[in-house]
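What follows is chain A paired twice: with chain B in the first complex and chain C in the second.
After this line comes the complex of A and B, so read on.
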């Protein structure tokens, strides 16, 4: 096994060997590039990467430029996970037969996908990879919307959010379904490691990514990625929004080991009301009308119930 | 026929046409450059009492549409090339089980992810045989903003008449084109709706697939007391799976004949300055707009060119093309792919000397390019 990269401080971390260049076409204030950089900078090992069709793929490799200083596969909308699984399986086969030309190198296999590619169209493919327990990491850049194709809802879009295919208006308050519990579903595959991360909790994130790389078997990471365009907030507030998501416990940071052992890795000192998180985004603007205010109350109750559930799971150790 | 003037985009008109034609269900998935169809219909359909669902993928989109259509409602899905590739299996099921539905395909560059935001007409052959097996596809192709509306309306009527999917091809240029269009009034559209055939006798006498050799199945809406079996397997007149030799042969032959022997009900084309034409340009979709412009320039220079524009692409207006090709020596097919419809013109006219002007770089063909090519002939 390769050595775990030592990271002292944020300055060193953010300026260390860059394998993902900042010059790309992502929106100003997009969290995708920050998350990707944090993942890539967490290791010195070789990387074999894939990105499903989505904002990340479209914006980071436009001829004649590329942001990636690593092997990188762009594949269909649904099968980033499977392409990496294929590469990993082949690597394993060559290794077993002793036919690797550079056996001392220990590449890591990582697939990135948006929530559309992961929660929706690529769902069964990820499930297959987790079930077969490939030695790979699947990372969802979860911005809760199809940001690349015009802001349509995905099954990650939370209730009450206005999207182009669930528009809020005279007869609807927007999305009517709850966000899919992807972490729960992935944990139910009893994979060795699953975790939720946030770009501004970088220490927590690096720890989890490194733990994931050190794990043998399938790893699932769900990263909250505030989308300035579709969540409708000022681009300078991306990190603030990421903090609001974690501090309101809308997006709690925790990990699940072997599908059973839950560890909460971040407990906000001051838990903020969900209302504050919603108020910071244009996509929830209509919820503050009198007729929809009950939805905010329901939101808070749901978040509280989920937090209580996580704590019970953590205590129970089962 | 009374018309009304609207300012709109092709995608928006396709969505509005579906609603005016009585479509009550939309199932789809975001896919550039067709997404606006879903955006518009998500907004308008609930106001009409219908349902628009964004599904988890393309396959689920068309599957939900099949379900909705089986309940007797008109149902629509919209996508682009990569989505068509995913929907292919279910299009085959809808052919086999005879489910009427409309699938709008706003073509972009392919294969694979291709050129998501650029124009192409690369799905012509795909729309002829999207799925495996033998059947006869019906594909219409809009060549103007107004036709984004009228062809979707027509597609719904044809789907219900022939009990099978109908594909409406738009291309990125037409889909995103924004301008003025004269379209029929809602009253006219509603008056033109031909309801799906249904069986009103005793439920025990009901044979959904027990029809004449050239007729479609009679599938009564679900939940109305008529039970029948629905399958993608070869089936008998009740709908039950069978491997009986003659039943299987008859079924597949009927899927072919119900369209082939009634082509005249589907065939549609436009002839533009063809009366005295000495050069025939064959073009469809957005390319036909450039072709018309080119023909006007050519005529100003004394070259008698004309346009033959198929609106129903499959089955193609083969007899008419042959009739023209028998008397016109110079025939040029202009399209945004490599010889996809060109091969059909060759087949229909039984001529191998048909010229072609093809472009596959995601950019439209300009009138100037066509003029230059015609002069070279």
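After this line comes the complex of A and C, so read on.
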């Protein structure tokens, strides 16, 4: 195993040489590239990457340009995970046969996917990778909507959100189904490591990514990625939205080891009401009408219940 | 079309980011890399911008929040010091200004046509807040 890169503070982190380039076509203020940069800069090792179809893929590989300074595979909607798993399997086979040209190098295998590619379309493939326990990391850039194709709902879209296929109006409050508990499902694969991260907590993120790289076996990471276009907020407020998401506990930051041991890694000093998180986004605007106000109360109850559940799981260590 | 083996590529199926090989990319700064025309580093999105960040180094404490939260790799930091903004790749989102903790801020957004020196000369003074 190679050494883990030492990152004590942000100044030390800032000496990293980026392996992701600007002039990609992601929207101004997109959180995807912030997450990608934090992940790529967390290691000095070689990287073998893939991205499932989604904003990240189509915006960073517009022919004749690529924004990646590492081996990167352009692949279909569903199989970003298996492309990397295949590369990992090949690497392992060549290593066993002693046919690696530079055996001292220890590449890391990472696949990126949006929530559409992960929660819906590539779900079976990811489940397969986790079940076979490939030595790879799968990272979901969870913006809770199919942002690349114009904002259709995905199974990650939360209740009350107005998406183009679940528009809010006079007879509907938007999405009616609750968000899929992907972390729970992935933890149930009993993979060595699963974690939920947020770009605003960069240190927590880097720590978890490094832990994931050091782990032998499949790693699942769910990263919240505030989408300025579909969540409908001003691009400059991306980090503010990420702060609201983590501090209101809509996206609690925790990790699951071996599918059993839960650790909460961030406890906000001041837990803010979910109402503030909802109010900051245009997609929840209609919830503040009198007839839909009960949904905000339900939101708060759901988030509180989830937080209580996580705390009890952490305490129980089972 | 000639038959290709399993480990060969058709022309155009693979883009090379660098001329020749760079052995240690993670240890090579951007200015020392030999990018090809295929890297988006050689492209520019400067024409997307309506507002631009202006950097005033007098107030900067080199905290690097702007560096880590910049989505477009446009904050140039070398040896733990913030040097400036990469205007070819900046899309003018304004995140760097929002996350800047100094008072007054060391990065502010101005219209694309604004003159940098004039704006730095008339930089706002410390905001004491509403007390």
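The working rule: the second predicted complex is superposed on the first by the 313 of 318 C-alpha atoms of A that agree within 3 Å, B and C clash if a C-alpha of one lies under 4 Å from a C-alpha of the other, contacts with A are read in each partner's own complex, and residues count from 1 in each chain.
Basically, a residue touches a chain if its C-beta (ideal position, glycine included) is under 8 Å from a C-beta of that chain, and two chains touch if they have at least 3 such contacts.
Bear in mind the structure is a predicted one, so any value in this text is a computation, not a measurement.
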### Message
With both complexes overlaid on chain A, does A:14 touch chain B (first), chain C (second), both or neither?
### Response
second
## Note on the structure
Partner touching more residues of chain A, chain B vs chain C, is chain C
### Query
Just chain B (first), just chain C (second), both, or neither: which does A:66 touch?
second
### Task
Based on the superposed arrangement, let me know which partner A:235 touches: chain B (first), chain C (second), both, or neither?
second
### Query
So, does A:318 touch the first partner chain B, the second partner chain C, both, or neither?
neither
### Residues of chain A defined as touching chain C within the complex
10-34, 37-38, 43-46, 60-70, 199-200, 202, 228, 234-240
### Message
List the residues on chain B that touch chain A in their complex, please.
### Response
29-32, 35-36, 38-39, 42-43, 46-47, 52, 54, 56-58, 82, 112-113
### Query
Considering the complex alone, what residue numbers of chain A touch chain B?
53, 74, 76-78, 116, 119-121, 123, 146, 149-150, 152-153, 155, 164-167, 169, 171-172
## Note on the structure
In their shared complex, chain A is touched by residues of chain C numbered 15, 17-18, 25-30, 33, 37-45, 48, 62-65, 67-74, 77, 79-80, 86, 88-95, 97-99, 109
